[in-house]
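You will see two complexes here that share subunit A, one where it goes with subunit B and one where it goes with subunit C.
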Partner chain A sequence: MIRKKILLLGDFSVGKTSLVKRYVDGTFDDKYLTTIGVKISKKLLTLKGVEYELLIWDIEGSTPSKKISLGYYKGASGAIFVADVTRKETIEGIEAHKEVFLSENPDAKFVIAYNKSDKLSEILKEQMELTENSFLTSAKNDENVEALFIKLMENMLS
Partner chain B sequence: MKNIQIILNSILSKDIFEYVLVDKSLKIVETSQGLDKYLDRVPKRDDDLLKFCPELFGVEKEINKIFSNKSMLYVLESVHKKEYYVNLSVEHYDENMVLILLHNITDTTLSQQKLLQYSNESILLNNTLQKILDSQNAILFVTHNNEISYTNDQFMKYFSVKKMMDLKRKNLKIYTYLDETLENYDALFERVNSKEEYITIEKDTFILKATWIESTHKLFTLTKVTRLSDDMLKDSLTGVYKKTYFDKRIQKIIRHQEDAIVVVIDLDDFKAVNDTYGHQAGDDVLREFTALIQENIRSDDVLARWGGEEFLLLLQHTSVENALKKVEAMRKLIAEHTFSHIGRLTASFGLASKEKNDDMHTLLQRADKALYEAKKSGKNCIKFKKV
Partner chain C sequence: MKRVTPAISKGISENKETMIDALYPIMGGMISKYVTQAIKEMMETINKKIEQGLSFERVKRKAKSKLTGVSETELLLDESKDARISSLFVIQKESSLLISEAHLENKEIDDAHMVASMASAIKDFINDWVENSDATNEVQLLSYGNATLYIESAGSVFLVAFLDTEPSYEQRIKINTFFASIVKKYATFFQEFDGDDSADEVLTLSMEMEGYIYASQSVANDKKKNPAKFIVVSLALLLLGYGVYLFNGWYIEHTLEKRVFSQTGEEIEISKQDGHFILEGQVGSTDAIYEIAKIMKRQSKESIVNHLSVPMTYLDERFKSVTHLGEGSLSVVEKKLSFLEHNFEQTVNGLQKKIVELEGQVEGSKVYLNKLLKSTTDEMRVLKEEKLALKKVLEVKSEIFSKLDKAFASEVYYNIDNHSLDFRTLTLFAAGNIVYEPKQIVKLSKVFEKYLRILLEYKGYINTIIIEGHTDTSGTKEENMLLSKKRALSVKYYLERLKIVKQYHMQTYLKAVGYGSSKVVLVDGIEDKNASRRIEITFSLKDEKILNKLREMIND
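Right, the complex of A and B next:
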């Protein structure tokens, strides 16, 4: 079995923990509880006949006054950058997260989750400019969550 | 030895530290008794360390260096394991083993989490309030020493600035748009407080309001009205202003102690036009009549419909003598004009000049009396009424 370490990075309250909970446990809780430090969850999955153990690092979100400890970045093969699609500043913040992460892990792969898409109208959803590596996700409605993780894995294995 | 002593003391006293000893192949050699509270099952000798401490996956190279380097240390802070938080450190034990310490920091971390939760929720609330503020009319806060301390997004967008600094650089003074004689925001506040004023900035008209925010700040709100005003303020038949707009202009003139001349105009025998040629012809005559006057007044003169065939004309920056000449030319023009459907038509004019103690009512009343005298004098003439 091959282990892979991936990180969820983004500003606070964008739904990183909810995405992990939805993907790993298949559950969702609307209540906001700030993550402090890091929580590691495991997920077993098989891709092209190979078994993988995904170590998913749900890391405390950054705030204007508190940045993420670089110690968490070591040895990561991939990252999911998460933004709250209703908070413009969290979308703009993705570039900064990407820059720090890739400077620590230049060969790592990433995908982007524009989360909380359940709060967008269908018209606004259509207006979002997405690439093959970015997804409109909703942990609440289980929209594109699995596709997000699978895409990252595929990128990491390509 | 020193570390072991610390560990033993802690284990015995406060249950703060747990430890794991691992060999070079990262297999477990020994663990402390209380380690199981952080794990789903108790690890045994020769178990794979990374199964129990997945946090150390990806840093195996760093750990390997610790076997041979006593001064090296790898630390991972605030790791959530089951219902606990631990600081995890890997340090040299001997050349064949490294010591992994799990420092229970649950109590302090939970306190920090409460604070962080409170802080994050406050930021979210603040962001929401900011969005509400930005969705409102243009607003600005001014300090007691006349400095602009905050403007919202709408305000910045209108004045094409991105930051407060740009605003200061532009030296933007809203009060000068209302009245050039105003010296600062205090003066503006005195003027606008507890009422509202129309303020024109470039081509747009705003309603300006002011209110205190605590005792330290004054809040000014600018509500744009331009887009609606043209349709709302003009008479649908003739396209000239409605009486309401005329009234506002007069009130402003009186408030600012400006000079002005008001002319009340009435088409002579207009009822006969309607009776003889019908109301459609009457409407056409009114349109032709107002177009004729509009072509012969200045752009800052105001022509308004008072009702029926009666109109008001506001003239500023002119003397009574010149106004009389102008109106006489107007009278002649109308009398000599051939109106479609009906041919000739005349009008009577009543003039009044604004005096020091006039209010809107007395000024209009005097102009109306002058018109009455013109009608009484045989129509198609002009009368001026002094106080």
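Right, the complex of A and C next:
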């Protein structure tokens, strides 16, 4: 079994926790997130016959009064940046998260989740400019959640 | 102190983690220089504890100190050595990935990798807070309820020891010394670890840590006081004291009875109650009663309750002889009669007391018999319940055997006689080796998966799935015992990682047992060494212990 640490980063209320909730195989209680600013879950994946276990660090967004330990960012092989597709400022905020993450893990890989896609009309969805590493996701409708994690894993192995 | 040369200084700043890995084993040894100071501080803490403590434990410690002559400080020191290690984790510092783990049997931690990550996160969180508080130390102890995590960092990894209480300074030094030894041995592996736990080092490190846990366990066991032993000794002392008291009473009574007999020829019974001597029995004459009373007064200051009596024939004869003495002697006779009347009353009183006493004893016996009857009824009920449970277990057992026999009818690795998996024809280990052949272990795991699927249908009844390790007769008994245990453990670690095992949370059901060369395979009376180096897998049911007990009872 090969294990990798990955981070889930994004502003408040973008749906990070909901995104992993229906996807994981085991998790700690939510109280840890509010106490120490991180919640750890795990997900088993099999790619090309090899078993992987992702240890997912769901990191709380930092505020001026509550700084998040940089230790949480260290040693991660990948990250998922999450934004709320209905809130522009959260999409713009991804750059800041990316900067901190890559400064600690320059060789790490990442994907982007534009979450809450269930709130967008089909027309707006069509207008979104997506790359191969960005996805419109919906925890509510279970849209692209699995694909998001698999893409990240593939990037990490490439 | 000499200045660090610029080249070394540059080397350290550029490869900090690598340098620490290399230096930690040396620095670990240097810690001993500071032990004297640490012990001094510890003694001060203990003395303070002695002065301030006001608890039952303290009173107990004081009493123990008085009884044994051992100082309270030494007793406190002894108490502070009892932390037991139940698990050890080695975690890569940067990624927080668990590199290797080891546990006491039955103390395995579910989701160890998530626990390791969470422990790292908590450690980082506290360290950040400590740094903000202008302190310089790293967090070393985390306590929650009865659990304590002792954390020691070195270079690219940190060690987490799960203990039942805070470790003493002495124990911390021991753990650090052990940690230093593994950092030295696995430094390169730790730095290059990429999350792949199939590396041989993961297994060998786990075994080393398990060995250390068990070794430290036996030390803790030696030091741990046995409360049952303490109670038994206390009870024995109490009984001894009571025995001495009874013997002393018996000895005095017996001596007085002998003295009375030697001086008067009368055999009477003397007993002591509520500080009085009770005299009982029949003597030949009233003179004897007076004489006995005199002897008693000479021998003891205790008061006497005289229940002695004389035969009515004696009184009759005495009366007749007194009548003959004439009218003048009548008053003397009257006095004598009055005395005898008094004596008779005392005898009657004594008998009444005896009757009351006997009635009390009968009542006590009735209560005891009622209790006995109740407990017998309870036992009968429990036996009936156990009988029903065992009947079910027997049915389940025979059902499992039947399914296994059917499923493995053509399986070469199945032993139909004891319904176990026997891999004697699978050369899993080379002679003297604990590392299994990769291709062979895959074969073993496939057969095991099929076996496990049948057992999973009865998961609620399964107690353990036992992985037995066996060796050939080469080497000493002790070496073979260790080798077989290590072989069983290496197979256990492999099987624990199977998807089906994790999916059904069967890790804690797997137990590794080493039999050494005690059960070798013989072919025509000659040992088949390849077959002897084997793994067998079997299982036990939860209520089998009760079943065995019942069988013993029936045999008895």
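One rule holds in what follows: the second predicted complex is superposed on the first by the 139 of 158 C-alpha atoms of A that agree within 3 Å, B and C clash if a C-alpha of one lies under 4 Å from a C-alpha of the other, contacts with A are read in each partner's own complex, and residues count from 1 in each chain.
Rule of thumb we're sticking to: a residue touches a chain if its C-beta (ideal position, glycine included) is under 8 Å from a C-beta of that chain, and two chains touch if they have at least 3 such contacts.
Since this is a predicted model, take the numbers as computed values, not measurements.
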Taking the superposition as given, does A:87 touch the first partner, subunit B, the second, subunit C, both, or neither? first
May I ask you to decide whether A:12 touches subunit B, subunit C, both, or neither, giving the answer as first, second, both or neither? first
Return first, second, both or neither, reflecting whether A:123 touches subunit B, subunit C, both chains, or no partner chain. neither
Mind working out whether A:1 is in touch with subunit B, subunit C, both or neither, as first, second, both or neither? second
In the superposed arrangement, does A:38 touch subunit B (first), subunit C (second), both or neither? both
Between subunit B (first) and subunit C (second), which does A:55 come into contact with in this model arrangement: first, second, both, or neither? both
From the superposed pair, tell me which subunit A residues show up as contacts to subunit B and also as contacts to subunit C. 3, 5, 32, 36-38, 40, 42, 55, 69, 71-72, 74-76
Using the touch definition from the top, list the residues of subunit C that touch subunit A in their complex. 92-98, 111, 113-114, 117-118, 120-122, 124-125, 127-128, 194-198, 497, 499
Contacts from subunit A onto subunit B in the complex sit at residues 3, 5, 12-13, 32-40, 42, 55, 60-61, 63-64, 66, 69, 71-72, 74-76, 87, 89
Give the list of subunit B residues in touch with subunit A in this complex. 50, 54-55, 57-60, 62, 75-80, 85, 109, 112-113, 116-117, 119-121, 123-124, 127
For a test of understanding, state which residues of subunit A touch subunit C in their complex under the given definition. 1-5, 26-28, 32, 36-38, 40-42, 51, 53, 55, 57, 67, 69, 71-72, 74-77
